[in-house]
Amino acid sequence: MIAFESVLVLLAVGLPLLYPILALRAGWARVLRYSMPVLPLPALVLALATEPGWQLELPWLLNGGLWAMDELRRLFLLLTAVLWAVAGIYAVGYLGAHYLQRFCVFWGLTLAGNIGLTVAVDAGSFYSFFALMTFAGYGLVVHEGTAEASHAGRVYLVMAVLGEMAILAGLLLASAAADSQMLSDLPPAIAESPRRDLMMALLVAGFGVKAGLPLLHFWLPLAHPVAPTPASAVLSGAMIKAGLLGWLVTLPFGDIALQGWGTLMLGAGAVGSIGAAVLGVCQQRPKAVLAYSSISQMGLMVLMVGAAMADSERAPVLFSVIALYALHHGLAKGSLFLSAGMSLPAGRIRRAAVWLLIALPGLSLAGLPFTSGALAKLAMKEGLAEDKLDFALGGYLSPLMTAGAVATLLLVLRYFWTLSGTLQTGRNPPMLAAGWLMAIGVSLMAFWWMPWEVEGLVKSPLWLPAPYQLWALIWPMLLAVALAGLTLWATRVVRHR
Amino acid sequence: MTLWLMAGLLFTPLAWAVLTLLTDFAWGRVVTWGGIVVQVLVSLGLWLAVSRDGGFYYGLGGWEAPLGIELRVDGLAVTFVLLTAVVASACGFHAGVYIDPDKPWHRYFWPLFWFLWSGLNAVWLGGDLFNLYVGLELISLSAVGLVALGGKAAALRASLRYLLAALLGSLAYLLGVALIYGQFGTLSIAGVVFWLEDHPVPAGSGLALALMVTGLALKTALFPLHRWLPPAHGIAQSPVSALLSALVVKASFYIAARLWLELGEPLGNLAAAQLVGLLGSAAVVWGSWLALRQSALKQVVAYSSVAQIGYLFLLFPLTYSVSESVSQQAQQGITLQVISHALAKAAMFLAAGNLILSTGSNRVDALTGVSRFLPFSLFSFGLAGVSLMSLPPSGGFAAKWLLLQASLGSGQWWWVLVLLTGGLLSAAYVFRIYRASFLENSETDEFYHPSRSLEVIPMVLALMAIGLGMVSEEVLSVMALPFEEEGSP
Amino acid sequence: MIRTLKTLAMVAACVSFSGILALSIWTIAGQPAPVNLPQLLSENMARSGVEHPVTAVLLNFRSYDTLLEIGVLVIAGIAGISMAKTASLEDPELRTSDSLLYGLQRWFVPLMLMLAGYLLWAGAHRPGGAFQAGAVLAATGVLMRLGGVPMDFLRPGLLLRLGLVLGFTVFLLVAVASVIGGDAFLAYPPELTKPLILIIESVLTLSIAMVLLALFVSAPVNDAEDPEEGSS
Amino acid sequence: MTLNAWIPVFALMTSLVAALVIFLLPEKGYRLRTTVNLGAALVKLGLVVVMVWGVFRGVDYGLSFTMVPGVTFVLKADALSMMFAGLSAVLWLLTTIYAVGYLEDSPNRSRFFGFFSLCVASTMGIALAGNLFTFFLFYEMLTLSTYPLVVHRGTEKALRAGRTYLIYTLSGGAVLLLAIAWLHGVAGDLPFREGGHFIDADPEIHRSLILIFILLVAGLGVKAALFPLHGWLPQAMVAPAPVSALLHAVAVVKAGAFGIVRVVYDIYGVEASSALGVLEPLAWLAAFTILYASVRALSQVDLKRRLAFSTISQVSYIILGVSLFGPVAAAGGLVHLLHQGLMKITLFFCAGNYAETLGIHRIDEMDGVGRRMPGTSLAFTIGAFGMIGAPPLAGFITKWVLGSGALAAGMDWVIAVLVLSSLLNAAYFLPILHRLWFREPQASWPEERFWGRLETSAWLFWPPLLTAVMTVMVGVLASLPFSPLSWAELIVLREYSP
Amino acid sequence: MTAPLLYALAGAILCGIGLFGLLWLSHLLRKLVAFNIMGSGVFLVLVGLPQHQGGQDPVPQALVLTGIVVAIAATALAVVLIRRYYHLSGLTSLTGEPASREGAPE
C-alpha cells in the first residue's frame, strides 16, 4: 500500500499548494470559496486511514526529501487536518467578498505548509514547509487591512523572520554536526556536539516564536484578534503547535538529560502559563483573551517539554501526553475562536443552547470531566507526577499545574464575559454555523475517540474519572469560579459606589 | 619577379602621380582607383614573396652599397609596405567620394597623394641614410601640400607650422647623416653596423645618432616637439588627416627605430634611452589629457595621435641593454602598435570625416543625437577607439600586452604605469565623443547621410585594427623571418 | 626682462649646440674613415658612362635620389600652382616699366639661354648640369616675366603640368625601360648610358626651370581686394 | 580540426553574427530583427545544451591558437564554463523576448539589440575562455558592449552613470591586465586547469603570487562589485530594465565573480590559494560586502537601486563560497552563480514591468500593485523570497549549501553572516511585498498603459513568470541530475580531485 | 686644419645661427631665411667633413646638390605658402596676433 500512501500524502500537500491556481481567474471565485473545506481532506484521510510507519522518498526534492509518518506526527496531522477542515467550512460562511481570492490563496499556502511540515522528515522540506506556513500566515493576519492589522502583521513578520533565521541557523549547525539531512539524526548529534547549547538555543528560540514562548510571544495577542476568525482559529489551534512539533522532532529528548535546559523551559512554561493568564484577564476583546489563553496553555505544554528535557527517561511518556494535550487544546481553542465570530439567534432557548455550545469547549479546556480536557489534564498530571520524575524542580510542578488549571478557567470565564458583550444578534450563514458546530462536535467527540491508553497513563475506559481524580479536576475550577464571582461582585460594589 | 615587384613599389606610384597630374579630378580618381588595385597587388606580392623566401638587400641600378643605394627588403619593411597599401588605398577610395570634385584645386590631390605613397615606400625599404632623407622630404612636402590644399588661412597656418617643423627635423637628421658619413665614409646603415661589429666605437659618434633621432622625433611629433601636429592633422581634409596620422608620422619614427635598433646599442646610452622613454610617457599622458579637452572633433583625434606616438618611443628604453627576448618583445609590441595605430587612426579620421559631413560641424557638441542617425560611422569610430584604448582583442591590445611583458621582463616597471594610464586616458577621450553622440536631443534631428561607401571604408579599417590582435602572431612571424642572404655592407 | 633672459638662454643653447657640433666634427676629423668611397667610385667610373664623378653619382650611382629629388621639386611645383590665382598672370601691375630692365632683357635673355645650354652640356665632364642649367633658365623666365613677356604656358593648365613633369617622366620612363630591358632599375645599358643621361639632363633642365618659374608666377601677389596688402 | 573544436566557436559566433546583422538592419525592420534575435538565442541555447551533455560525458571541446607571441587564445568548455554559458544562454533568450517588448516604439533599437547581442557574445566568451588572457579579452569586450546599453536612454543622468561605469570598469580592467601580464611574466601562459598551477610553487615567487592575486581580485572585483569597488552598480540603474537585468543577473557582475572563481580554482588552485593565505581575507571581504550592501539597500527608495544593492550583496555570496576552503561551500558559491541570476533577473523584469506598465519607479508608489498586476507581482514575490533565502526557493539552496560548507570548513562565523544577511534581505524586501499585496492602491498610477487582456504586454509578462518558475524549480528540484546544484557539485568534484 | 675642415666648422657655426633664427624669430620669412642658413651649414658640414684630409669625394658633393634642390623646393613652397597666408590673414607670423612689430613686411 506504499503507493496509496504516497499518492495520498502528495495529494494532501499538493492540493492546498496548487489550490491558489484557482485564483487566477476572477470567475472561479465561487469554486475557490466552496473548495476551502475540501483542502485538508486528503490529509485527514491520511491521518485516519493509514498506519504510521510508511515513508516516501523524494530524492529530487531539495537536498533529498523524505516524508514519513509516526505516531507523534499522526496526531499532529490529525489535529491540523481536522481543525483546518472545520475552519474551512466556517470560512465559507464567514468570508465576505472583500479580497476573497487573496485570502484563499494564503489560506491554501498556509495549509500546505502546515500539513507538509508535519509529514516532512528531512530538514530541507521541513524547514521549507515551516517557512511557507509562516510567510503565508502573514497574509491571513493582515487580511483585514486595518492599521491595527498592519501593525500586528509587522510584529508577526519581524518575529517570524527572526525565528526563521534562528531555525535556519540551528538546523544548519545541527545537520552539519550530524552530517545528515534527516531530522531524526539531528537530536543525537546535537546531544553530542560541542556546540550543543548554541544549537539548542537557536532551535528553542526559533520554534519558540511560533509556540508563543514567553518574551517571544508578542505577536500572538496582536495577530490573533485582528485576523479573520477562521484564520485565528487555525493560527491558534494548529499553527502554534507547529512550533511545538518543531521542538519535539529536533531537540534531543531521549538521548541525554539536560537539567539546565529543562529548568529553563520549566521556568518559561511557568511564566507563560501564569503570566499570560494575568495579562489575559485584563484584556477587553474576546479574541485577545483567547490569544493569551493560548499562550498560557502553551506554557503548560512548555512545562512538559521542559520536564521531558530534564528527564530523558520520562521523555517518551511525556511526548505522548504533549501530543494529546496539543490535540485537545487545538480542537478546543479552535472551537472557541470560531465562537467569537458567531451571531446569537433571537430565541431565548436557542440562545441558551448556543451559549451552552460556546461554553462547552471552554470548560473542556479547563478540564471539565467527561471532556477531552479532563483527560488531558489528568494525563498531564500523571505524566508530571512528582514521584516519577527525576530532577530537582519536580516538586514545583504539581502546584504549578493547579495554578495553571485555575488560570485556564479564569481566562475562559473572562472570554465568556467579554464575548457576551460583543456578540450580536442575528442569523448565521449556514456554512458558518455548520463549521462551528462541527468544531465543537469534534472537540467534544475527541474525548471518546482519543487513544488514551498510550503508555498506560490513564486507565481505560475513562468516561468516568475516578473520584479522587474528579476532585482534582473540579477544585481548581471551583476556585476559579469563586474568584471570578468575587471579582464580579467586587466590580458591582465598586460601580455602586 | 622581385624586380617587377620592386619596380611596382618604387616607380609605379610615381607614374600614377604623373598621370593624375595630367588629368582632372574625376579622371584622376579613375586612375587612382585603378592604381590602387595595382599597388595593393604589388605590395601583397612582395609581402608574400618575402614571407616565403625571407628578406634581402636590393641594390638599385645594380650598384651595391656603399656606392649605390641599397634597399633593405625585410619582413618589417614589407609589412609596412603592405600596411601602407591598405591604409592609403582606403584613404584613396574614401577621398574619391569624400572630396568635392568641383573645387579646382582638388585635382592636385591625387598627384600629391601618389607622391606621398611613393615616398612612404621609399622610406620603408630604404637602407641608405641619405636616400631616407630624400624620401622623408618627399613625404613631408607632399603632406604639407595636402594639408595646404584649398588654401584657407587656418590651413596655411597649420601647414606652415608643419613645414617648418618638418624642415628643421630634416635638417637635424641630415646633419646627423653628415656626421655619420664623415665618420664612417658610408651612407648605408648596414655598412655602419657591419663595421661596428668588429671595431671599437669611435669617439664623437653619439651626437650623430642623437641628432638624427631628435630630428626624426620632431618629425614624429614626440612630446615636447608635438605642437605642430594637432593643427595640421586637425585641419586637413579627413582622408588627408588619416594618411598623415596613420602613415606619415610613422615613416620618421620607422627610421628612428631602425637607427636605434641598429646603432643604439653601440652609440646610444642608458640615460638617453630613458629620457626618450620619459618623453614618450609624457606624450602619452599630456597628449591624452589635451585630447580630452579639445572641443573640435578632429583635434581630439589629432591629439590622440600625439599620445599614441608616445607609446612608440618606449621602444628606446625597452630595447637598450636588455635581454634578447625582452628586446624582441618590445620590438614586436612597437611594430604592432604602429600597425594598429595606423589602421585605427585612419579609421577614426575617416569616420570623423563622415561624422563631420553629416553634422556639418567639427565640434564635439554638434554630435548630440547623431548616434541615432549614423550608428555605422560612429561604430567604426568606436571600434577604432577600442584599438586606441588598447582593449582586447585589438592590435593595440596585443601591442600593449607585449610592451607590458617587455617592461616587466626588463624590470622597468614604471613603463607599466604609463601603459595602463595611457589606456585609461584614451578611453576617457574616446568615450567623450561617444557620450556626446549618445546624448538625446530632440532639437537636432536633421543630419546629412553620407554615402554608404564612405561608411564602409572606416569600418573595414577598424575591423582590421581589431582583428589584428587575433592574428598578430602571424603578422609578427613574417617580420621575424631570416634574411635570404646577408647584404654586402 | 624675461624676454631678454629667454633670448640669452636661447643664444646660449644655440652657441653650445654649435660648440658641441664643432667639437664632434673635430673629433671625427681626427679619425680616418673606414670606408674609402672615393676610391670605390673611381674604380667604377668607367661603368658609369659619364666622365664627371659628381654627375655619375647623381645620375647613375645614386640616380634614385635624384629621381626623388625631382619628385620633391615637382611636389613643390604642384603645391605652388594649387595656390595659384589665374588672374595674376594678366595683372598689368606685375609688369615693370623700368627701362633698364627692359633694355637688359633684350641682351640677357639670349645670353642666359646660351649659358643654360652650356651648363647642361658641361655637366658631363665638369661640375654643373641639369639643375644649374634649369636654375639659369628659370631666372631667364623670371626676367622675361618681369619684363612683361606674356608666357601663357604658365597658366595652370595642361601645358604647365606637362612641362612640370616632363623631366620627371622621362627619368621615370628610363628607369622603367631599364627594367623592361631586363636590368635592375636605373641600370642604364652601358652603350646607351651617355645619350640617355644627356636626354635626361635636358628634359630635367626644362622641368626644373618650369617648376621654379611656376612657383614664382603662382605666388599670389597684389590682390587689390586686400587693403593691408596694398598699403604695405 | 574536429567538429568538437568548433562548437564553442559556433556558440560564440551565433550572437556575434547576430550582432553584426542587427547593426546592419534598418531601424524599421522590427520583425526581421526580432526573428534574428530570437533565432540566434535559440541556436545558442541548442549549442549550449549539446555542450552541456558533452561535458557531462567528458567530451573535450576546445580550440586554441597563438594570438600574440607567447600567448594563446583558448576556447574550452568545461563544467564550470558550461554553468555560466548555460545561464547566459537561457537568460539571453528570455531577456531578448523581454527587451523586444520593453523597447517597443522606442528609438535606437538596432543599436540596442546589436550591442545587446555583443554583450551576450562577450559573456559567452568569458564562459568559454580557456586561459586568463582569453578571459580578459572578452572581459573587456563586455565592458565596451555594455556601455552603450547603460547610456541607451541618452539622458544626462544615463551618461553620467555611463561615465562612472566606465571609470570603474576600465580601471579595473587595467589593473587586471597588469595582474595578468605580471602573472604571465612570472609563470608563463597558464590555461585554466582544474586544481590550478601553483600547488607546489617555488616559495620564492610566493610574494609575487600574493600580490598578483590581490591585483587580480581588485581587477575582477570591480565587476563583481566587491566593496569598495561597487559604486558603479547602483548608478547603472538608469539603464533600461532588460539591461539592468542583464548587467545584474547574467553578464557584468557575474563575469567578475566568475573570473574570481576561475582565478581561485583554475589558476591558483584552491589548495594553493589557501596555502598562500589569500582566501580568508577574501572571505572576510565578501562577507563584509554582503552585509554592507544589504544595509545600504535598506535606505533606498528607488526600486531598482534597492535591487542594485541587493545584487552587490548577493554576488558576494559566490565569492564567499569559493573563498571558503571546502567542496561543499564551493558548490554553494557556484550554484549561486545561477541562482542569483534567475532570481535577480526575475526581480528586474518585474521592476521593468512596473515601470513600463504603470510608470512606477519608487517603492512608495507600489501600494496595491498586486491587484493590478498579479502575475508580475507573483513573480516579484517569488524572486524576493528567493533572495531572502526562504525555502524551497533557489536562494535557500544556496544558503543551505553554503552554510553547510562553511561549517565543514570550520568557518562558523559565516553562519552569522548568512543569517544576518537574510534578515536584512527580509527587512528590505518584505515591506515591498506588503505594499504589493496588502496596501490599498492609490487612485491612479503615475503613468498607466494598457495592453488588452493581460496585465501588461505579453512580451513583458511571460519572461518574469518563467524565471520565477525556474527559481522555484531549481530550488525544489535541486537534487535532480543537471540541476544547478548537481552541476555545481560535479564541478567541485572535478575541481577537488583533478 | 685643412680648408674643408674649416668649412665644416663654419658649417657648425652656421647651424647654430640658423637654429637660433628658426626657433627664435617669429616672422615667417626670417624663419625661412634662417632655415636656409642652417641648411647651408649642414651642407658645409656634409661636404667639408669627408674631405677634410683634402681628398676629393664626389659623393658628398652630389649629395649636397641633391640637398640644395630639395631645400630650394622646400623654400619655394614655403614662400608660396607664406605669401598666400599673408594674403589671406595679414599675418606674418604663426603666433596668432595681427602683424607684430618686427613682423611688418617691408
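Chains: A, B, C, D and E, in written order; residue numbering restarts at 1 for each.
The definition used in the following text is that contacts are C-beta pairs under 8 Å (C-beta built on N, C-alpha and C of every residue); 3 or more make two chains touch, one makes a residue touch a chain.
All of these numbers come straight from a predicted model, not from anything done at the bench.
Peer 1: State which chains count as neighbours of chain A and simultaneously of chain B.
Peer 2: Both-contact set = D.
Peer 1: Mean of the CA atoms for each chain, then the mean for all of them together: which chain is nearest?
Peer 2: Most central by this criterion: D.
Peer 1: Taking each chain's centre as the mean of its C-alpha atoms, which one ends up farthest from the centre of chain A?
Peer 2: In terms of C-alpha centroids, the chain at the greatest distance from chain A is C.
Peer 1: Can you check how far apart chain A and chain E are, centre to centre, with Cα atoms defining each centre and the answer in Å?
Peer 2: 108
Peer 1: Between chain A and chain C, what's the gap in Å when you average each chain's C-alpha atoms?
Peer 2: Using C-alpha averages as centres, the distance is 114 Å.
Peer 1: If you average the Cα atoms of chain D and of chain E to get two centres, how far apart are those centres in Å?
Peer 2: 66
Peer 1: Distance from the CA centroid of chain C to that of chain D, rounded to the nearest Å?
Peer 2: Inter-chain centre distance comes to 70 Å.
Peer 1: Mind pulling the chain E residues that touch 2 or more other chains?
Peer 2: 8, 15, 19, 45, 49-50, 52, 59, 63, 66, 70, 73-74, 77, 81, 84
Peer 1: Which residues does chain A have that touch at least 2 chains other than itself?
Peer 2: Expected reply: no residues.
Peer 1: Strictly by the criterion at the top, what is the full list of touching chain pairs?
Peer 2: Listed in label order, the chain pairs in contact are A-D, B-C, B-D, B-E, C-E.
Peer 1: For a test of understanding, state which residues of chain D touch chain A in their complex under the given definition.
Peer 2: Per the touch definition, chain D meets chain A at residues 370, 385, 388-392, 396-397, 399-401, 403-404, 407-408, 412, 415-416, 418-419, 422-423, 426-427, 430, 434, 437-438, 440, 475-480.
Peer 1: What does chain B use to touch chain C in their complex?
Peer 2: Against chain C, the touching part of chain B is residues 3-4, 6-7, 10-11, 14-15, 17-18, 21-22, 59-63, 66-69, 105, 108, 111-112, 115, 118-119, 122, 130-131, 134-135, 137-138, 141-142, 144-145, 148-149, 151, 175, 179, 182-186, 191, 195, 199, 202-205, 207-208.
Peer 1: Per the contact definition, I'd like the list of chain C residues that touch chain E in the complex.
Peer 2: Checking each residue of chain C against chain E gives 7, 10-11, 14-15, 17-19, 21-22, 25-26, 28-29, 33, 37-38, 41, 52-54, 56-58, 62, 65-66, 69-70, 72-73, 75-76, 79-80, 83, 127, 131, 208, 211-212, 215, 218-221, 223, 226, 228-229, 232.
Peer 1: Can you list the chain B residues touching chain D in their complex?
Peer 2: These residues of chain B touch chain D: 329, 332, 336, 369, 371-372, 375-376, 379, 382, 386, 389, 391-393, 397-398, 400-402, 404-405, 408-409, 416, 420-421, 423-424, 427, 431, 434-435, 438-440, 469-473, 476.
Peer 1: Under the definition above, what is the set of chain E residues touching chain C in their complex?
Peer 2: Chain E residues touching chain C: 5, 8-9, 11-13, 15-17, 19-20, 23-24, 45, 49-50, 52, 55-59, 61-63, 65-66, 68-70, 72-74, 76-77, 79-81, 83-84, 86-87, 90, 104-106.
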